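Take a look at the structures below.
One chain, chain A, appears in both complexes that follow, with chain B as partner in the first and chain C in the second.
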Partner chain A sequence: MRQLTRWLPEWASPWAVVAFVFGFAVLYSLPLVISFDSYTHGIITQAFVFAAAAMAWNWLGGYVGQISFGHAAMFGVGGFLSARLLLTTSFPFWIAWIVGGLAAASYALLWGHPTLRLRGPYFAIATIGVSEATRLIATYWGDFTGGSSGISLPISEGTAKFSLYWYALYFMAFVVLLSYYLRKSRIGLGLLAIKEDVDAAQDVGVSANYYQDAVLFLSGLVVGVAGGIYASYFVFIEPGDMFGFERSISFLLMGVIGGVGTILGPVLGAFVFVILQEYLIASYPDLYLGLYGTLLIVVILFEPLGLSGLLLRIARLFGYRPRVLDITVGDTKLTAMEEPEAVEPPESDVEPARKEAKA
Partner chain B sequence: MEEVVRLGISAVLLAGLYSVMAYGLGLIYGVLRIVNLAHAGVIMAAAYVTWLLHSRLGIDPYLAIPVILVVFFIFGVLLYKGVVRFLPRGAAGGVQSLLLLFGIWLVMRNGAYLLFSGNDRAIRTEYSTHSISIFGTSVAQSRVVVFVIAVLTLAALHLFLTRTYTGKAIRAVAQNPDSGTIVGVNVERFYALTFGIGTSLGGLAGLLLATIFAFNPTSGAVELLKSFVVVVLGGLGSVVGIALGALVLAFAESYAILILPSYLTAAVSFVLLVVVLVLRPGGLFGQRVLA
Partner chain C sequence: MKAVLVRKGTILLGMLALLIAACAPTEDAAREAGDEAEVPDEILVGATLPLTGEEADNGLRYQEGYELAFEVANEDGGLEIGGETVPVRLELLDDTTDQATAVNLAERLINRDQVHVMLGTYSTALVEAQSTVAEQNQIPYVNGGGAATAIYDRGYQWIFGALAPVELLATTQMEWIQKEQEAGNVPDPAEIALLWENTSHGEDYRKGVQDFAEQSGGSFEVVVDESFELDSKDFSAVLSKVKSSGADLFLADAHLPDYVTMQRQYVSSDLCHDVITYGARGSEADAAEALGQENVNYILSAVWWNAQLGEQGGQNEQFINAYKERYNTDPEWYQALGYETVRALFTAIEDAGSVEPEPLREALANLEMESILPGGQLSFPEETGYQADYPFVVQQNLPDGSSPIVYPEELATGKAIAPNPNCEG
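Moving on to the complex of A and B:
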């Protein structure tokens, strides 16, 4: 363990590394040990992909505090571009996904760079406009998206589809690492500073424009790749579903249900969401919007940290006393599972300044 | 040229409706610093209530205006007292109220879907096909009536906010709630009142919409965005600003038909929203809205 600590950067906890490796190994070998039917297999793959997308949403919505109602725009761009690439070229899956993801990230930057300078509700409302405009354009640009009848990919059931489980797992694992990095490293502190007070962050040398653009780019990249994997798995995609408002809401819901601003909350949220969707919504298709709405209301009113907050409460009942770092969601102080050793001075050159002042 | 005049007239008439729905949103945002995403649900719900009153009880949509105003005022006050009151406000707290009111909108949409199905509904009265002639072009009568009602509402609102004690108190609370408390204004009461008035304006907008367009449970989403565009364009300063913002939006939309393929005209307001937010976050005429 001490060897590991020396090898790691100071913001990374060795226990987190051990937990990550263990979790990855279990999920990797799961379909080899237990033979899933293709339905369960599909649900888990889907949950991996959505977990990644929800974490990406959370970087923007939770870490920086810029709520996006428009992540479907990037999901759709990534999905359709990689689907087109898979149809017209003989690229392997992963190249098509990455190209789709990069295109989605560039698109995100295109509209995000100007709009991210807006704070509060303005960015959120602008994202509704962006995603709706994107959906309209995509629906009518039939040559590329197949219009409202969509496009189908020539992927058959079988080993190629089965292997998507591991691709999705690698993808989610990568995003978990990135999520951890974006929270715990110096960058994470910068993001927290921007969320709390943009002007104060600027004053201590955290460039809000640069950081937010970077986070949006990464967020768009991950959501775009998620769209690509989703398209490859479901074989058939159409603009109304890929770019739809419901799609945007789903990322938001996963983040909110799991816990806005937490590292692994969105993963939890994504699994709950996918299970809800498969078992509950399938039986009551007329009720899904109301159910999502009710979930949002309940979470915001009673447990703003979602399932993560709930787990924390249960852990407290059993005598778990985390050393705490206050996280603010809005004006409310929330207490989240955070190791205080992650808190380091955001700017090292503050120290000399202070010494000078003393002198 | 005739086409240009015709589009101009329809733009002006449309702007009346836009300013009513935008004022509801703008008032609540201006005073409480909350973006009421449930506004979309209110517009939709009011359209259905109007439709119910007309088809079941035979009440004329325009005579239903007082009913709608009262019903949605009460709804707004209850919404405020029931949930919104407990949420943090301001730029930083916007996230929570945004998500909560969004949830309420989703529930309302689902409710309407369960009650009335997803089919389009429209209100047909014996005079809905009548038209009158303005500057040589014929215009649907109902559009003109909607415009007149909208202008009267805005005028009444302007007088209310500038001439009455209650209106002045609302504006005082908007400017500085703490100072309002010091001089004896019961801030909470005026927040509830404002939320009620904003919601009832949304209700009125829904009623007016229902007399012109067909609607379904997803209606209101586009109206919400357009309201926001108007608020951003016009700023929160005054009724005049809102009216000018509504005019800009209505003209942009109407004349877009001349240069854009018809399926893209729906995207005009969204693109306008983003462009205006980026170029003039302070609004074209009003005060800065950027926190």
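Moving on to the complex of A and C:
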């Protein structure tokens, strides 16, 4: 373990690496060991894709504190561009996904650069507008999106759909690593500083514009690729589903259910969301949206860190205590819990510095 | 000591992962294990319908047709296959008028519930999405709810449609209008305001009207050609274009929720045209109730079936009587198509003598059965991508609440009224 520590950058924990490798190995071999039906196989594949998208949403909503209701726009752009590339070119599917992701990231930057100057509810409202405008444009751009009917992709032969499980797993694993890096590295501290107080963060040398743009670009990239994989999985997509408000809300719900601002919370949230949806929608199609609403209220009222917070409480019962880190950003000293709680800036240190800077 | 333990533990975990990966069964092996016996104890048919959401009214109508057909089949013990009579059971789920849900539920029915065959959902948009799942899983999918040619021109081999193409619907309506034009009841040349939902259903309708107009030698001209979003809430923009165009004919293609919303706004905009149609919609009793009978009078619709076909006796009469006995009301074309779709599937199962996918697919592809639908025959020709092709009947709403067939003449049960009397005075 000491040798492993020597190879790793200072922000990476050797235990986290071991847990990651173990988790990856288990998920990789799971369908090979347990021969579950292809419906269950597909549900887990979807959960991987949505886990990646929810983590990407969480970078903006959880790490930076900019709640987005517009991530469906990137999901749709990535999905439709990938689909069109697969229909009209002979690109391998993974190139189509990446191109779709890059287009989605660029689109995110296009509307995000001006709107990220807004904070709190103003930013949230702007994202609703962007999402709805994008949906309408996509719906009426029939030549590209197939209009309200959507477009069908070629149905691949053999076990191509079966193998999407592993592509989705690689994708999710990559996003977990990126999520960990963003949270634990110096960039993550900058993001948390922006979340706590954007003015104070600027005062200590954190470029809020640069950091927020970069995070939105990365978030759009991942959500766009997720849209591409989703299109390949379903071989049929339509604007109402890809760009719809419900899609944006689903990313938010996954984050909130799992734990906003945590690294793995959105993964938990995505699994709960996808599995609940699949099993409830067949039996109680009218109730499942109400159930999500209730779940949201319960989480916000009783456990703001969602399932991650719940797991932390259970871990504490068994004697776990999160490591407290003292970190210095510029001249400001921050106190951070290792995981999953967000950075808590000591009032006495940050507040006077901010007031002084404003004065 | 601790470091050594961790290292050994990590190596062991790695070896364990490799071992389980090496002895993993393949997908094919898992599927082979689940193969069915040739004659099952029960034939399980999976289906989803929009029982809630925008298309709930029509989904419930299809459900009535489906359930009646299952009840009739099970009255004699079920279907004859392999020399045995096997009961049939319908596993019906609500797809909430949502394409992604329709797809997911089809996956569930096929791969988890292991249904033998799938019945389709209702409305082109849902069928277009859901049918990809059946094709991927190579399981026969018979639907009576998707009419657009886009569903059938994808080269799919497992999708069978009992609705005749929408393009033919538009052509049939135009033939009737041309007949009225020749009789002097519609201006010549006539200007058309054409509105269509931006789905493949709407595109087919648009193509049918445009092609007819182009070939009419100047008798028809499309002066407004606008699309609208499915399940829209506001049509004021397109209707104001229609108003300013001064068109003679108002031809729209809309599903039931859009028809009700658009017609409400059409009436409140003081619009009136010599001919008004919403494609296949217009005669629905609940629409008349929602809009008021006076606001749906003289609307023309071309449909895949009309209850007045029962006056010819035969299978139509049997269906109508069975339906009335169960539901105490007259069926509309939705219930008839639901019923006939199931009957086509059951006939094919008996022809194949099996519910195995490949023989059943073959039986559906070669099906030739007597039908309650106009023309009296139902088949799924390969040249149309396994979409049925039979004539439409044109019907017109009258102030007494009836909708007699006005075209084609050999099936007509009433006389057409044109131009629209609502526009007089």
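Here, the second predicted complex is superposed on the first by the 321 of 359 C-alpha atoms of A that agree within 3 Å, B and C clash if a C-alpha of one lies under 4 Å from a C-alpha of the other, contacts with A are read in each partner's own complex, and residues count from 1 in each chain.
Assume contacts are C-beta pairs under 8 Å (C-beta built on N, C-alpha and C of every residue); 3 or more make two chains touch, one makes a residue touch a chain.
Since the structure is predicted, the reported quantities are computational estimates derived from the model, not experimental observations.
With the C-alpha superposition on chain A as described, chain C and chain B fit side by side in the combined arrangement. Within the superposed three-chain model, A:240 lies in touch with chain C and out of touch with chain B [touch as defined at top].
In the superposed model, A:228 makes contact with neither chain B nor chain C. Within the superposed three-chain model, A:29 lies in touch with chain C and out of touch with chain B [touch as defined at top].
By the document's definition of touching, neither partner reaches A:306: not chain B, not chain C.
Once the two complexes are laid over each other on the shared chain, residue contacts for A:118 go to chain B alone; chain C is not touched.
Judged by the touch definition given at the top, the superposed model places A:129 against chain B, while chain C stays out of reach. By the document's definition of touching, of the two partners only chain B reaches A:297; chain C does not. In the superposition on chain A, A:286 contacts both chain B and chain C.
In the superposed model, chain B and chain C sit 70 degrees apart as seen from the Cα centre of chain A, a figure rounded to the nearest 10. Within the superposed three-chain model, A:140 lies in touch with chain B and with chain C [touch as defined at top]. Annotation: superposed on chain A, chain B and chain C show a minimal Cα-Cα gap of 5 Å. 136, 140, 286 are the residues of chain A that lie in the contact sets of both chain B and chain C, per the superposition on chain A.
Remark: chain B residues 29, 35, 83, 86-96, 98-100, 102-111, 113-114, 221-222, 225, 228, 232, 261, 263-264, 266-267, 269-271, 273-274, 277-278, 281, 289-291 touch chain A in the complex. The residues of chain A lying in touch with chain B in their complex are 61, 65, 67, 69, 111, 114-115, 117-122, 124-126, 128-130, 132-133, 136-137, 140, 196, 245, 249, 252, 256, 260, 286-297, 300-301, 304, 328-332. Across the interface of their complex, chain A is touched by residues 2-3, 6-7, 10, 13-14, 17, 20-21, 24-25, 27, 29-30, 33-34, 51-52, 93-94, 96, 98-101, 103-105, 107-108, 110-112, 124-125, 128-129, 132, 135-136, 148, 150, 154, 156, 197-203, 227, 229-230 of chain C.
The part of chain A that touches chain C in the complex is made up of residues 1-2, 18, 21-22, 25-26, 28-29, 32-33, 35, 37-40, 42, 136, 139-140, 142, 146-150, 152, 155, 159, 161-162, 234-236, 238, 240-241, 278, 281-282, 285-286.
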